[in-house]
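Shared between the two complexes below is chain A, which pairs with chain B and chain C, respectively.
Coming up: the complex of A and B.
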């Protein structure tokens, strides 16, 4: 960045602008460092007791191919590392999907599940848990369930896209349609659960709350490429999303077709959410709060907001999951902890912040 | 640049708004659109920049039908400053104004774009707001920021929807005067919707007066701002005095709402005019 070669009367103020940008980059780096540090902390926690330092040693030993403690290696490498990587991907995807939804709907209350994605995913999972149905042929067991919930979670946005072909959908109309679909799905799910055998209830309930303990190594080759590709793809919409802050009509006069951009990013964000939700169940809260916390630090410029939200979301989910793992004799689902710890934390941030970053 | 509106009609579902509006304008020129509430001023502007599509008729910019022009290409030609801001998630003032560069943006254009943004903020006297958040500003400051956004877009035609409605008198005069000089400095066609007849009369090269969805009168301020026209179009009794060559309106009284303002002998005045304007 060089800005000493321009007319001197404007450089002073332009320097302020560049300074703010560099500060934003620093925030993103800080959140990323926090996420990486959280990764090394979380692999030290779980039902198998090992010190933080030893767990790090085991991790390094495995990477260098010099495994000294087989048991520790099994726990850390087979369970904790994929779980921590899963946490990073979940945090990234839900936070970025939250940013996109809030932008698209011009609404600070929007979050990844606003369109009924979670209710769709749950219904898909229930079909598999209760009836053992797999909609995608050749898939069974856990993969059948994942496939079901992935397909069902995309139904609400598919319905909205189809309606949008016949009728002009305003953001408000889309949210209302999403909520209507959400209620429809929940009622169908309720009927299934009422009539379902009692022994399947525990599984259904466990899915509902959202947990990372189902993440295994063989899931990551599916989740990771999808999440990474979609996140990068969505980031490239940052300019258009920024212009859309001005409203649909003004943004059109600045060369951005708001409704088209909205539909495309909405579908991408739904795919992103569906990818992780179908493996973990509904982990709430982070998709709403991740974007807002990031907004407080870097502002609403999507160039910085999207990566900042992703980094903060990852760190938050890893830390929440670390607490979840050591809570109670067998650990708790991360969804419970993220809301229980995150709720008061978020209120504290809202009260403490000097000026409103939104509304 | 050359703007030709060829017989456009516009209706919102069942309510007709514009009827057979034809107009030809050529810049550099500062044009003001006058007319009472709900007469179709904003609708006319929105038909020019493709926010609305006329139900009948065509709009040509430099001989090209806007229907055939892509949104992005049109954004390079036609800028728009809306009446009010409703940004949900506020950016800084600089980032908000930078949006205007979007249709021109290239990979490495930030630095020169920033120069233009800061120059424009300075020109409008709001460079001290540069790093403030858009949401913290007053209504008048919002208007200036949106004006800056329209200016950095460097369009050939700039459309403004009551750009000075929230400004105090000094800034109203200053902004309107600036818009006029801008038209000639940057070789633009500036078209502004206005509710302030006197400011329009003082600065506009040309005034378009709308009534009932049609063009009631077009011409220089002297030609259009007359006691008769104001009575028919606005329903007010007024006295026009001469202020160094520009008409100046002194409002006397409103014609009661239940009285028909359009008496039989006025009809002839309403005959539509079409104007070929040159620099």
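Coming up: the complex of A and C.
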């Protein structure tokens, strides 16, 4: 009887496990499908007047090499399609970066913004916008700004890594260092912006709130391979990351060098963030919300959490950008919409959930 | 029953009081006509009774007829020379002084106030020691020959075209802002010039009026410094601004300004005449490379003076979206996507001159391929409109801008050689900003063909 009960419990646990796994996969598939569907929806929205059906027709016409309306093709294929693809990549990368950082620091508030990465990117952009400085000599104009943002967004993590080589840093100390760097960068950029001419300040502000309207086809060969490669690479860390939930010392006993893993994944997540924010500007919130929402539904197992956050982040940003494109006379930056819509949504989800999804 | 009668009585009394009040108010208005109403004039000076380009004996003749009641003041508002609402011996004496171009005469100048309404400011003749703000006003002052009379300027953006300002003091403002430090430099300059009567006037382009806050205007009023404000970015207003400033500076400035204005009007009349039986083209105006000029922007007037129809007049969606008098940056490649039926895009851009051939190529290519620090690309915004887009140099005299815009709009009627000839005519006037320039050192106009040639 006892044995039988025990057997029945084991069977039940196993069934629950498979059911949960199926649900996790279902969540990932559902949001991936939503992201793909949103891609086809978003190309129908923008300043140029075209119906959703016609925009799809233009898209198909282009793919089949049967371009019938060159004007529509210009706006749909040249501008809206890369923007939509950019939205997917940005949502995916920022969400995954958030997962990694929250995991690394065992802190629900960790994300690219609180780690100073976004403020570093902004400072790099400001140097280009206000002073026209490009830190990479052979880059100029918009690419100079991208280069600056990329380099500066890596600085906070570089500082943490360097300090970590000389002094043992706890996750808490790391995140506090990141916040300190965030404030340092913010104060420097504030000083620069206060003295900048009004029109330059407007451009800097536009960068600050983040927008996808700068994404073009020629940016995607830079962004896409890096984002895809880094996302896959980070996913392969899922076992180590799962072990790290137990804490540094228990991880050590389980054969995972927590500090080393933390540093490696942190650098990779920073590269992932830098790759996208240097093109789009600071798109806040998704790095924080994406991981939490995904965690509520799929739990903390990084094998599912990483792809789930990526799928949710992509769908969320592409839908937010669709709303952004039709807001105001000529659209609004997606950063504004993602925070405006994401904030209440996040609070609602947090209030509705019965148990803590965090750890 | 009594109650109903009482109510009716109250209603009747209220109605009578309301009607009486309205009649009184309307009469009141009639008795105190605003002296700045209904003014249509070329030379913006009170005493220019006939509203033409100068003050001469014909004005005195007309003035006498107004004073004698043979003609109505409302038809000749500038007969009220001192803007006190009536025409009397004081006005006559003042007009005589103006006819004599008597030094020290108070000249009542018609201009704008800081709300854009017509007003009258008083300056001493001849006007000296002026301070200028913004290129759109500085160039008319220099075209009027005022280089020697500019005591200071808040900013200088174009080394060669505005080179004539260098005799004045740089007050260290910028093209977009007058800082407190720059304002302090201005008040110091006024104090330094006290022995010469202080700053004679501040010449302000209305598009920069935001820098002249109520507090600053009050400071100027308290110091007795008149503000002469004109919408001088408008090509036609620029002509009357040059004419008026020329009169105020006096002597050769007046003669040159009259030549300048007459030549300018001849050009505009010529364009009007040639376009009489022609279907007009629509246009959208731009400034600062990627900013769409709103419906009432002064930058819209260049195309209109060249015989074009502003696009907002034929597209209600555009009209609604671009209400206002300023300009709005295009946000991306789709900004113009719904206005494919427009005939021309007139992009007004200030480009300094005294250029080499290499400078010209660089400027043309740089402008055409401009990308804002926000990442908005000029080429992307104008993609599909390349053959409709042309740039006109905003630093040129108003009529020259109009001539090149006419060429851009109606190339079959107004050739490039014709527009170049007009530029040469103005260069030959020995105007300070255009000193010793030729067609090879100035970019007056360029379009897609010029861009392709410059790009090689």
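Criterion: the second predicted complex is superposed on the first by the 345 of 359 C-alpha atoms of A that agree within 3 Å, B and C clash if a C-alpha of one lies under 4 Å from a C-alpha of the other, contacts with A are read in each partner's own complex, and residues count from 1 in each chain.
Just so we're on the same page, a contact is a pair of C-beta atoms (placed from the backbone, for glycine too) under 8 Å apart; a residue touches a chain by one contact, two chains touch by 3 or more.
Keep in mind the model is a prediction, meaning the values are calculated, not measured.
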Practice item. Please indicate which partner A:257 is in contact with in the superposed arrangement: first for chain B, second for chain C, both, or neither. Key: first
Practice item. Identify the partner contact of A:239: answer first if only chain B is touched, second if only chain C is, both if each is, neither if none is. Key: first
**Study point:** More chain A residues in contact - chain B or chain C
**Key:** B
Review point. Which holds for A:74: it touches chain B only (first), chain C only (second), both, or neither?
Key: second
Check your understanding: Thinking of the overlay built on chain A, is A:318 touched by chain B (first), by chain C (second), by both, or by neither?
Key -> neither
Point to revise | First, second, both or neither for A:92, with chain B first and chain C second | key: neither
Review point. Which partner does A:47 contact after superposing on A: first (chain B), second (chain C), both, neither?
Key: second
Practice item. Could you say whether A:329 touches chain B, chain C, both of them, or neither, answering first, second, both or neither? Key: second
Review point. Which residues of chain B touch chain A in the complex?
Key: 46, 49-51, 71-72, 74-76, 78-80, 82, 85-92, 94-96, 99-100, 102-103, 105, 111, 114-115, 118-119, 122, 127, 130-131, 133, 135-136, 146, 149, 153
Review point. Which positions of chain C touch chain A when the two form their complex?
Key: 174, 176-177, 321, 330-335, 337-338, 340, 371-375, 380, 383-384
Exercise for review: Mind listing the chain A positions that touch chain B in their complex?
Suggested key: 3, 6-7, 10, 13-14, 16-17, 20, 102-103, 106-108, 239-240, 242-243, 245-247, 249-257, 295, 299-301, 355-359
**Study point:** chain A residues touching chain C - in the complex, by the definition given at the top
**Key:** 46-49, 71, 74-75, 78-79, 128-129, 141-142, 145, 197-200, 202-204, 206-207, 213-214, 329-331
